[in-house]
Amino acid sequence: MLTTQWLYALSGCLLLALGLRSALLHPALLQRILAINVMGSGVFMLLIAIAYRGPGMPPDPIPHALVLTGIVVAVSATALALALARRLTREQPHD
Amino acid sequence: MTDILASLLIMAGLFFFMAGSIGLLRFPDLYSRLHALTKADNLGLGLLIIGLALHLRDPLIALKLLLIWLAVLAAGATSAHLIARHARRREKHV
Amino acid sequence: MNSATSLPLLVILSSLLPGLVIFFLPEGSHRLRTTLNLAGAFVKIFLVGVLIWGVFHGQSYETRWALAPGLDLVLHADKLSLLFVSLSSVLWLVTTIYAIGYLETSPHRSRFFGFFSLCVSATVGLALAGNLFTFVIFYELLTLATYPLVAHRGTPEAIRGARIYLTYTLSGGMLLLIGTVWLYAIVGQTSFVEGGVLSGLSSEYHTQLILIFALLIAGLGVKAALVPLHGWLPEAMVAPAPVSALLHAVAVVKAGAFGIVRVVYDVYGVTFASELGVLMALGIAAGITIVYGSVKALFQDSLKKRLAYSTVSQVSYIALGTAILGPIGTIGGIVHLVHQGIMKITLFFAAGNYAETLGIHKVSEMNGVGRRMPGTTLAFSIAALGMIGIPPVAGFISKWYLGLGAVEAGMAGWVLPVLILSSLLNAGYFLPILYRAWFRTPAAVWPDEHIPAARFETHGALLWPPIITAVLALAAGLFAAAPYSPLEWASLIAQREYGL
Amino acid sequence: MNATMLLIFDALLLASIIGLAWAALASADARRSVILFIAFGLLLAVAWGRLLAPDVALAEAAIGAGLTGALLLAALQWQPRKTADTTNSEQPTHTLLETGFRWLVTLLCAALAGMLAWSLTQIDAGTAKDALANAVAANIDASGVSNPVTAVLLNFRAYDTLLELAVLLTAVLGIFALGPAQAGYRIAGPVFTSLTRWLTPLLILTAGYLLWVGAHAPGGAFQAGATLAAAGVVLRLAGRDQIGLPRGNALRIALGAGVGMFLLVGLALFALGRPFLGYPPAWAGALILLIETAAMLAIAATLVSAFIGGQPTEEKTRC
Amino acid sequence: MTDALIALVALPLTAALLALLLPRIATALVIFSGLAITASAIALLYGVNTAGALHYELGGWTAGLGIALRADGLSAILLLMIALVMFAASVYASAYFGKASERAQFWPLWLLLWTALNALLLSGDLFNLYVTLELLGLSAVALAALSGKHAAVQAALRYLLVGLLGSMLFLVGVALLYAGYATLDLATLTQVVKPGPIAWSALTLMTLGLLLKTALFPLHFWLPPAHGSAPAPVSAVLSALVVKAAFYLVLRLWLDVFADIVTPTAANLLGVLGAGAVLWGSWQALRAERLKLLAAYSTVAQLGYLFLFFPLLLALPPGPARDVATGGLVMLALTHGFAKAGLFLAIGIVQQRSGHDNIQELGGMVQRLPLTTFAIALAGVALIGLPPSGTFLGKWQLISAAIATGQWLWVAVTAIGSLLAAAYIFRILGHAFGNQPYPHQAVAVAREEWPALLLTLTATLVLGLAGAHVWTLLENGS
């Protein structure tokens, strides 16, 4: 693997671990949702690093397509999660 | 020749960005922060875009870059206005 | 499908299908329900008759249905199964008549008779099972079908009794299942074969086979109420009398005993089992149970509980018989399968009559009941004398062969004392009842008389069943030497087992 | 020299990305977390650009940072400002067990990342890792588009995209089932309103451009849909409740348009004896554009619906 | 023959769109398309049985560049189960949701869930599996939250987050495999994958993600509240089908794709977790106060049995013995699917009629709701594993394989688990048989009772008596 690929792939792993840890441990709901998004970004970074072939070389388009799909899926899930969370706070007795 | 000019313009643009950011961090109150940020960024971005346009030498891309500058200018001005108005309103309430 | 492959299945369906229809009958359609019940019972007896005739003429009947690779559901009619099938189908008919009378006014009869039919179907299936896998299936089905019958009254005691019953039987079923699977893992699918199928295995398997035997007998011993696995039986007495009668004489307890007979004779082979040394252990367990049950019975004032402990004791005669190596002991054990059934059902019918007619539940309330209910009490007396082993009632035949077999097998040293002690104890808990019933003066009022003496001492449907079964018990003893008698049949089975 | 510069740039970029992620997740303040997360998304877009993935960069900026950011900012409205919940504020220190558990989780996450990184070192350089990329290049002429990412998304792996649109539809239906939209905002003042007057058409124009250009250059239905949705978001912020979103049946048609067009094309081809979703090469470009147009509308309608947080209510009086 | 592959995905998806656009006729549409899907599933099973495993290259692109749909005996059997359970639950739901507005929201999501299940079972592509997992997860969450009650929404949110976490872990595995082998096609991967860090890490990550989704102990914490607070037909399919879809993927990965990579130690670990699930799930079910929670914990336990098979299958040499044991596993999964769906539907009837599902207050139920009680009892028979249910055959194979490979621990776990199951089932029946007057208006609706009854009958009788076909199908369809 190229150094650049390495650098980005490792950062991807790190983001994944960061996200996973917060998703499991953060007390607040919103940050847990963010954490899962960070995890996703970590995976995306891994995929795009894999696709990279060096400066001037055309990258592998397949991981790019996968990440595009992944981003859309992630926003769908985030939207649903936020809607559920909103419903939850609305339902909560405020007094 | 144009490349050198372009580099100089880009560097100048970056300098303004830097100044704006420092201003954002260091200035005492909201209004002066906004002032520093918008002024410096608008100018910085403008210089940056002229530099890039010179560097790429493609009128179509230059047009697009100009469009981006205008959009950022408008959005920046509007949001600065909104933030300032919001802050002003809150002050009145207190 | 021809008759050779479908008849065993039809025997089961003859009670299963009416049962399923009965579930959906409205509570009020008394006549239709009775018709279905009786029609099913008669059809079953007829089909069993055909089976007996065929088997005697060398016809082979087998229904086979693959459930999984290497696992076939096999229904097979051989002499031992026919002995049990005919016992259960005849006693089912009698019990059905009795139950119709007994439950005439109580609620949820459709549910009751539905499960009643399922219970008999499971028993018949168990009797016809052609291999251990099939036996396990019907053994568990029997548990399932009897649970609602025990819980039928829905009182907290009934629910509790049913729960205890279930705890015991399902745990036992699990042991039986593990033992069976283990056996299959060693020898693969094997049918019940007279003389057993395991004697050819090399000696490295013997330890495993002993463990498997222990598992199987423990599993079967729960239903057969071998001490210390008998705890459910007195608790299950909360069930209505016809259910108790069925449980004790035909279905549950007998299923366990029948299973022990199958395992010893048709899986291990009695000779091989003896070589393994497991017969002795079984015999000792049976001996302890016989004495223990009798002693406990002695101290029960509740009539049904006294009968329940009597069952604990009496059923182990069957296990004792299988534990005695030699044809005569075998005959004694197998014939007791039938004899105990006929006699015990008579006793339970009579006990049910006392409770239903006069509200008598305790031995101490039975003073002079013989004068008020002579027919019932006569039937009770015949069965009780048979249980003690007084000739010419059927019980005598069983005990005679068991004793003789023990002498023949050289086990007289401990079997005979057990037999004598138990007979004395039997006399000890039955004779006082007979004395009270016939010779004490009756109390001024019965505890709860709600069927007045009219044409008979009680309802005809309640009176005739015990009388019929008492006559059968007498006949089985008197005509023991006649062809087609239980004794003759048991002798045939024993001959085949020992290759005589 | 150039390589070292790039390396420094990469290191700085990645350090900022990780730092932002860390800061966003470490904070207990929801507002702070969200703003840092949006910045994180924008830097990610830069990273994608750096790795020659402009399509992804566009999508990340528009969807990952842009619309997700808008959703999160909208969520701040009903979030309590400090989200450290009550139990936490009462007991600021963790019990020993909790601390142990936190360490355990941290270690496990680290181990997982370590395992992953270690496996990456083991990737055999000799494997035919370009096999699929080459296959894409070899078949691109038959795909009807010249942008390989679009070719993969809309042709080679069109089935993925079909199901992905179904995911979007599911999410929006799930949101609708949870109740009506949130109340709208106050009507904006003249400055913002005048901005929306020309920004909205510009966004719509840009969306159309992105959709069209996707065939041969970075862009496509998702980026275009997100841009279109951005127009809706801006209108909503300006206090227009009628954000251009249709109501009732028309809205349902818009939401289902992407999946519907995809299925229509796929099944029609199937009925004509082609494979399911197998475009004839001559028609592929046109069919892809058709599907992408429908998909763009669906994506925009979905994202705007998600932003307003429910089924738009009928026009109501504003205060 | 391969048309059925397309139909199984396209039919429910098209129906979902139509149900969205035409809410007035949605119910009829669902029933009609349900029949069509069931017919397709039968056609697929027939095709697989006669022609062996089938595959279809979408868009005409070779698998690898494009995506292939694949079906073999295992997936075809499970697809038919999905079709039958979903269809029965659809009929039930048409009566369960009384208001037209409720049904209008329910049907499109319901059909999307159906799409996701079918697509997942058919997918032959790693990334496509990720998309189907997400589609399944989101539709399941949306349905679970449908009642809008606080507890339901809270449980659904947790369900969503756990599901997303699981999908992310799965996706990392996919990325790693792509990095290592440059393919996403499962069949290609099966051929090229080699033992080594890449395969091990990928399998670990993907399995971890899927175990979260299939709620294997101790990752089951999210399941009882989610399944316990969803509407009855939703609970039914969540418990019967959705968790099983993730389990199916674990099975595929461990027994097919990574067959040469998995080690007995790893399989033993799954077995230990399975044992934990059996014991803990059964115990919690026994202690549950509410019927739905009982059923949900029972799902945790029943999934545990499936995982007990992993150490056994790996200890058996490939060949007839392993195939027979695999059939047992499939049998358990099938029976549980039908029985648990039926149980949840029946519980839904109890809950609607009495307004609660407290086990303590079921006295007299047997008189007022005899068919429903009967359905619960039949489901119980299958859950305990008594004959003639398919579970009995499955457990027989489980114990048999454990004895044959000398792994007695799993025999003990199975025995204890079954007895605990008997305890919790007969705890319900004990209360139901009580002769207290049943205070509630108990008019049963045939459209609700019969689906429950037929599902449980399938589990208890049909699968038990026709079980041999399952083994034949698995063999013919491989």
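By letter and in written order, the chains are A, B, C, D and E; residue numbering begins at 1 in each of them.
Methods note: a residue touches a chain if its C-beta (ideal position, glycine included) is under 8 Å from a C-beta of that chain, and two chains touch if they have at least 3 such contacts.
These numbers were taken from a predicted model, which means no experiment stands behind them.
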{"item": "Contact-graph distance - origin subunit C, target subunit D", "value": "2"}
{"item": "Graph distance between subunit B and subunit C, where chains that touch are linked", "value": "3"}
{"item": "Third chains touching both subunit E and subunit A", "value": "D"}
{"item": "Reference subunit A; chain at largest CA-centroid distance", "value": "C"}
{"item": "Nearest-to-centre chain - CA centroid comparison", "value": "E"}
{"item": "Most contacted chain pair (by C-beta pair count)", "value": "A-D"}
{"item": "Distance from the mean Cα position of subunit D to that of subunit B, given in whole angstrom", "value": "27"}
{"item": "Separation of mean Cα positions, subunit E and subunit B [Å, integer]", "value": "57"}
{"item": "Centroid distance [mean C-alpha coordinates] between subunit E and subunit D, Å", "value": "31"}
{"item": "Interchain centroid distance [CA atoms averaged], subunit A/subunit C, Å", "value": "69"}
{"item": "Subunit B: positions in contact with at least two other chains", "value": "none"}
{"item": "Residue numbers of subunit D (touch at least two other chains)", "value": "112, 116, 120, 123, 129-130, 132, 136, 157, 160, 164, 167, 170-171, 174, 178-179"}
{"item": "Of all residues in subunit A, the ones touching two or more other chains", "value": "16, 19-20, 29, 46, 62, 66, 69, 73, 76-77, 80, 84-85, 87"}
{"item": "Contact pairs between chains, per stated definition", "value": "A-D, A-E, B-D, C-E, D-E"}
{"item": "Subunit D partner contacts - residues on subunit A that touch it in the complex", "value": "1, 3-4, 6-11, 13-22, 24-31, 34-35, 37-38, 41, 44-46, 48-49, 51-53, 55, 58-62, 64-69, 71-80, 82-87, 89-90"}
{"item": "Residues of subunit A defined as touching subunit E within the complex", "value": "16, 19-20, 23, 29, 32-33, 36, 39-40, 43, 46-47, 50, 62-63, 66, 69-70, 73, 76-77, 80-81, 84-85, 87-88, 91-92"}
{"item": "Touching residues on subunit D, where the partner in the complex is subunit A", "value": "6-7, 10-11, 14, 17-18, 21-22, 24-28, 30, 33-34, 37, 40-41, 44, 47-48, 51-53, 55-56, 59-60, 63-64, 67-68, 71-72, 74-75, 78-79, 83-85, 88, 102, 105-106, 109-110, 112-114, 116-117, 120, 123, 125, 129-130, 132-133, 136-137, 148-149, 151-153, 157, 160-161, 164, 167-168, 170-172, 174-175, 178-179, 182, 220, 222, 299, 302-303, 306, 309-310"}
{"item": "Contact footprint of subunit E on subunit D as seen in their complex", "value": "112, 115-116, 118-120, 122-124, 127-132, 135-136, 139, 155-160, 162-164, 166-167, 169-171, 173-174, 176-179, 249, 252-253, 255-256, 259-260, 263, 266-267, 270, 274-279"}
{"item": "Touching residues (chain side subunit E, partner subunit C) in the complex", "value": "320, 324, 327-328, 331, 366-367, 370, 381, 384, 386-388, 392-393, 396-397, 399-400, 403-404, 411, 415, 418-419, 422-423, 426, 429-430, 433-435, 464-465, 467-468, 471"}
